[in-house]
């Protein structure tokens, strides 16, 4: 295995939601990550594995333990995880407390790829770049920025990620 | 000005080409970079400046000198340049020989953004991530990868960028 | 008013649903019909009026009476109505029993226009063509076909519209 | 063969142009019409045949004779032809002078389908509706309108089709 090898773990999230035209509801079928890498003309050495396909609001402690175990077992030193945005910071905290010798970047999307999401392709690009260039640690890549796991929070009113210091936003709190 | 400030210099290239439905030809109007950053939900502190809107096959030594001058004059320590892919390595070489104290990343696209290009959003994401995380130097970000200016070449047969050592591809040459 | 004048009445339906990226739910904001006519390079003499923005499963008898009244009052002899697909045949029946001297075509979409729906543009094209070329009557235009109001049914399993004779599908019943 | 059977003849035109990302030029590969009918959820009984894949500026008298012959030979009484817009009126005239017992509708697009063309789907919808509902004759369907072959002209300045009487626009000439 090349030292440049990147493991891409799929957990679902808005990234991979689809529209069921018979019911008018959103659902998961299979991941679009291979299509996205193809359209991005990506030439990195990437292995994709789907761990689960769920909304991150429904992610349990057992699901997070599974993600942690899979990150530890992976031979790759660089790992990108696609994840729903609503509890991305929680999974990042579990990984940050459990792994110190790998570079792990979580990313997601605000709009499903199937709906012409432009933020999905953009975020995937940032995540793959950060995972190649940052030292060991667990990070969240959203909105063009990269946050260490200890200092990130999703602002649900604005739908953006922002920095916090010990759980407090230095700008507002 | 924030130390995180990023200067985005636009020079044209496939990124910004449009289809003229009266003539059936491709042409340049104005840059789509602001739209692309908006759709990517990008929250970085970025200033966009359009230096020129040309096909990189038509770029002259004077054009490259203008780009070099503008990079030097910019107060930003981190600069992303959108550029046609056909002579991206040449402009990178001019900048690499002329600037040592800034991080500069050139990127482009294989398909115009207006034609539903997915590689444009992906490449823009990688360029903005690499420019934040890499040390001073001049780089080309394409295909998910980042190449130092001395060791990059566009493979015109495949339409991808690849590593070269002193102008020789270590895999093929 | 030109005799070629077409009235376009908007009632909502999948056509105009949008994705709320803060909640992950579908909702109505405003109609995309003007954008769609613009992208279709449509040069017909059309007036657009939004009567309501609702899911057709929630459409009441009072809503249908409002649509009927508005069709009667309109000076236009040719009317297209955008409508959710789930109860399109019911509204068509109310109009068919109440109006005999106008050409009225109902149409809709299986996928929201915002999600890159191709059937919305296609269906809108067929509806505007049928309304110009068919004699007085009330019709449903879906799947490239045009059904008189007395002989149409949505097949919910397949998500397509089909012909029925007195409520019975001649192929299956 | 069903009396509702529609023959779709493909001749190329902007409809089917693609972007060659290696050369930056537009070219023809294969037709997108099957994809377009699929995305439009079209349920008509249609047979697609590709006669040629050319820019209509390059269409010769021999090409037009081939189209005429194929229309005559087809068992279908209803025929849609996709065609470049620049000489659509010329082919329509050849067909109009040569065939009187079929309904033939020519249509095209101002923007390639591959570039996210919305007018292609819209125009295809109008053409398929007009061909089902109009009496025998040869027509051009563009801009939501349907023009008999004797009274149509492409306005190259505006990129739209307009009515002419004996070659004179009644509005401007």
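Order of writing sets the chain letters: A, B, C and D. Residues in each chain are counted from 1.
One rule holds in what follows: contacts are C-beta pairs under 8 Å (C-beta built on N, C-alpha and C of every residue); 3 or more make two chains touch, one makes a residue touch a chain.
Given the structure is predicted, the values throughout are model-derived calculations rather than measurements.
Using the contact threshold fixed earlier, the set of chains in contact with both subunit C and subunit D is empty.
Using CA-based centroids throughout, the chain positioned farthest away from subunit D is A. Note on chain placement: the centre of subunit B and the centre of subunit D lie 40 Å apart, centres being C-alpha means.
Subunit B and subunit C have CA centres that are 46 Å apart.
In subunit D, the positions touching at least two other chains are 110, 159. Under the stated contact rule, the graph of chain-to-chain touches is a ring, a single cycle where every chain has exactly two partners. If you check the complex, the residues on subunit D that touch subunit C are 36-37, 39-44, 110, 118-119, 121-130, 132-134, 141-146, 159-161. Touching subunit B in their complex are the following residues of subunit D: 14, 17, 19, 21-22, 24, 26, 55, 110-112, 114-116, 156-157, 159.
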